[in-house]
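Accompanying notes for the structure given below.
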């Protein structure tokens, strides 16, 4: 069967590179369009990019010619790693032209008719795509630090209702893109601030764990307080969380619920779906970004140190690979799901 | 005026080295005894120690002969950086022999008749020294991560009463001593666990912010939930905190209260007392361990990002130098205070 | 076809873990014996080990019972990651009992009848195994920092004869094992000394690039001066090299020679043989450990910045994965070669 | 006595900040002019700068108004930390206007009538200032990595004549300024390339160790081959060196010569002159940037591991603080020397 041609928007950037890296040998998709800015237009990809992935540039991509978004493109499905400064308009433009845009950029996340999708936990939100005014459509995934919270907390919220939660993050530098954070700022240091990040966690999480009532997504009604910190880690966001529930579960109930949790992507056996979305670690000192983030192809969410909290009910540590499950890999999984569910049928 | 002779217990260890480093050219004290284990006994200090301070070994110390605690010693005042495995008994032994032991070790901290002292915030606790059964006495300072919480929160608790608080720490590797944490465990990584640390914060903080009723120290009655993490930082513990008060102060009230706060050591102009115990940072991304921890000779506590909390009342970032204000420097300040207040008069 | 049972000596250590990690799903070999010290004896592997690999413990290994070397063992082929303190005697013992020991330990490397083997460059040295006095035999691989020098320089030495060379290394912390280097020693630091390392490079390289005359291995007669440094890198040793040749090649001749170089393992298509042992990087700032070391399953040697040297003839940067090609992976490749060449026939 | 007013060119940059930090409380000099680009013009310094020093902004500087170089300035003596893109022209302009420019920038270093000055080793080169065509004059200091080589090798070259040398560097990130190196490039990594650095070492060192014949500076006639690497260290360049001499000294002769070496700044007791320019370390694993670079106010050059070299005569490790002795501190020492020797007399 012929693979579906896909394009990568922002192909020379960090997230764009990760898309290209992850899509090498994908069973459904094949990269046919590389879209970047005027500066790269007309160059071969290997000349245009400062490739920073832990792998060679895929052979079928390195000689593709980089285009701009307004040139004729061969794909109808696009993965977007565009910078927020331009993502909003370009993504809208492409959706208006009848394309699917599966984006990691923040611009459309809080739009009323755009879902922030994780097929394991809120696939019913995809229904809202019908409300979009375009012949194509736009699907987003969440901010990287929100992703792991959403995945780990969704089964808990469904069963025990979250009332309030604190989260304090220790986020990897790859989350800031390239060149991103100057080494003089972060080597042997902590920066206790990431612009806009706390607000994103506090709003996106509630939307993602909200309910679709047929017309709109009603955000979950718990309260979130986030503290965001940058630490000198390459990949893997660690999050310490304290949670208050309506009905307090036991530590063991949480372990069982999380470690057995599976969603539609697991049933559908999608290529980027990990066997279990959540891996529960029993060792005191796990999860750790350097030891765990790359396991299960970077698509698992790790939860450890599940224990009683003095102030709320339960505390725990949540960790995942911020540029795979937290960004490009999440978008690929969204695409796989949409494709298998027929959302691409009218488009390609 | 002749300086007071002091000894350093655990003189070859990390905290012991820091005592020696900080006491070089101290106006009141002069190191005359270096106490370590049998292994070092009889050696010159420079042969016995693997010196890891960011300075040469002080000239007046490097040729001193290392002794064991049960040999004849010339000092009556001792700073203890002993390992917890032996600190309890040796410190008791020395107090029984009529010595003052000012210790950074944890063993006696929760003893009923031993204060965990910070002269800026709980100098009235020193009164409990009279209850100790020894001709000498033992004074402790808190665990390093608790120290900065105690200093920053004491004025707030006094005025607005803390009800509950969350703290999630990002702690430097120097807090684990030497050899301490293997580099393979922490380089480019986060370890979301420090054995016993969360329990220490949860208990010590309440004792330190408690009240002395003439007979005993009554712990403060707020509730604390701590998450402790190790990060690849050399010196400086960063702590993100969310606080619920009985009477909620405004952000500006907190800034004013903290930045103007002074205690007895400031009035007494003690050598190790910073002009202001708390420095409030206004920049979004401060405090940071690498930029701030060493300022004010490592004796200040930095507070930044004071802002409203969605879930509790106020959140903030607290940071300080864990081996100076958080350990050896705190003990030196305790000694200065005790000396000037006459607590040594009957001893030396 | 049934796989050959193999044992891992020092199974709980860093190199031992790497063997287990690399041998998971190996087409020829299957781990059947885990050998460690008395302390681990009788425990299940997952209880005995502090697993630090970037992967889960292989399912078929985690419940194996750890044995000591003098218990009955099912394998006849052993990979050794034993500590040098015990490796010499245990490896000799096992060879005397008729086993093959393929070791990463240094103890037997300079023995007259033991080769330091890299099948791409000195497979003729295996002939010396016949001189060994045991019913089994012992094969070593070199020190990790020597390995990449040997691989990159062998084709050059063969064609242009090396007279003298300087090498200054920047070595990863994983080369020191676990717990290895304390984080306080290496975070944000350089340690310009690695005990015994310079001597190993200076002697092992000459043996590895030497010739077997039917009786003994005659070391190559060039001169080597090594400077060894530890840097805060997880995996990947970088080496800057200046070389004087008998006949000076051009930069392009070197690039062509190295990038086209292949040896017997490539012709035999061995599982752990990279397609090309040496990858030549053209970018100014490559190779880099974090970007290159893991490529080609960690089995390639990268050479970059090949250029004229003011003082000698040519200078360059050589880099490779120190615990894979530089240690455990090298041993696995030796085993694959020996197996396919029939060296195991009389043993298994 | 009134202090001499000085200006800082490039005052908001990394080197400019370091000048301001070092000149706080200088006994001879007082910062009166802060010169930066149009972007900062008219702002108070504390608003214009992103201050990254490990200290508060000096009180007497933080409210100074930033100027551009072509505005009226109160100082006649300028320290330049200008970016190379603009330094050449601005420095010439100011010298033409009758000012002294003491610069850390590279632009004029190789000019025939401009010395690269280290008063301990080549103060006779200052005589060439008379050849400059300006009413003022320009003095440079070397590239940071060359500085430590020059200081450590000058006494050796004078006595034993260097013929050839290899140097391989491990350079700190602060050498690249701010924002400088992206953290994703250097955290847990080595970059074996620094643009232009090897060429600078190879040319500047020979000029600095050259002789002034009354008309011009004749470069020393040895040959240098440099390999330059960036490592994840904040401050402190480490350099491994192998040297061939005309007359080979013994290891002990070198130790004695270097550790007793003093120059004019030491005799003149200049404020920024360390008691001994070179500190010889006897421990195997020293010098190390994190433990040594900050000692002696960052103005010493450390030499360790002095030993026989297999290929040349002697090898050693050289290390110093790249932004103090290697940059801003070197310029301040030049200014102190020039002032005390009367070079400013006709200017101020």
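Read from first to last, the chains carry the letters A, B, C and D; within each, the first residue is number 1.
The definition used in the following text is that contacts are C-beta pairs under 8 Å (C-beta built on N, C-alpha and C of every residue); 3 or more make two chains touch, one makes a residue touch a chain.
Owing to the predicted nature of the structure, the values given are computational and were not obtained by experimental measurement.
When the C-beta contacts at B-C and at C-D are tallied, the pair with the greater total is C-D. Chain centres here are C-alpha means, and the one lying farthest from chain C is B. Annotation: 42 Å between the Cα-based centres of chain C and chain D. Centre-to-centre spacing of chain A and chain C amounts to 39 Å, using the average Cα coordinate of each chain. A separation of 47 Å divides the Cα centre of chain B from that of chain C.
In chain C, the residues that reach two or more other chains under the touch definition are 52, 187-188, 232, 234, 290-291.
Interface residues of chain C, counted against chain D in their complex, comprise 164-166, 168, 170, 188-193, 195, 202, 223-225, 227, 229, 231-234, 236, 238, 240, 242, 284-291, 304-305, 309-312, 315, 317, 319.
Residues of chain D that touch chain B in their complex: 52-56, 187-188, 234, 290-291, 294-295. Residues 52, 173-174, 178-188, 232, 234 of chain A are the ones that touch chain D when the two sit in their complex.
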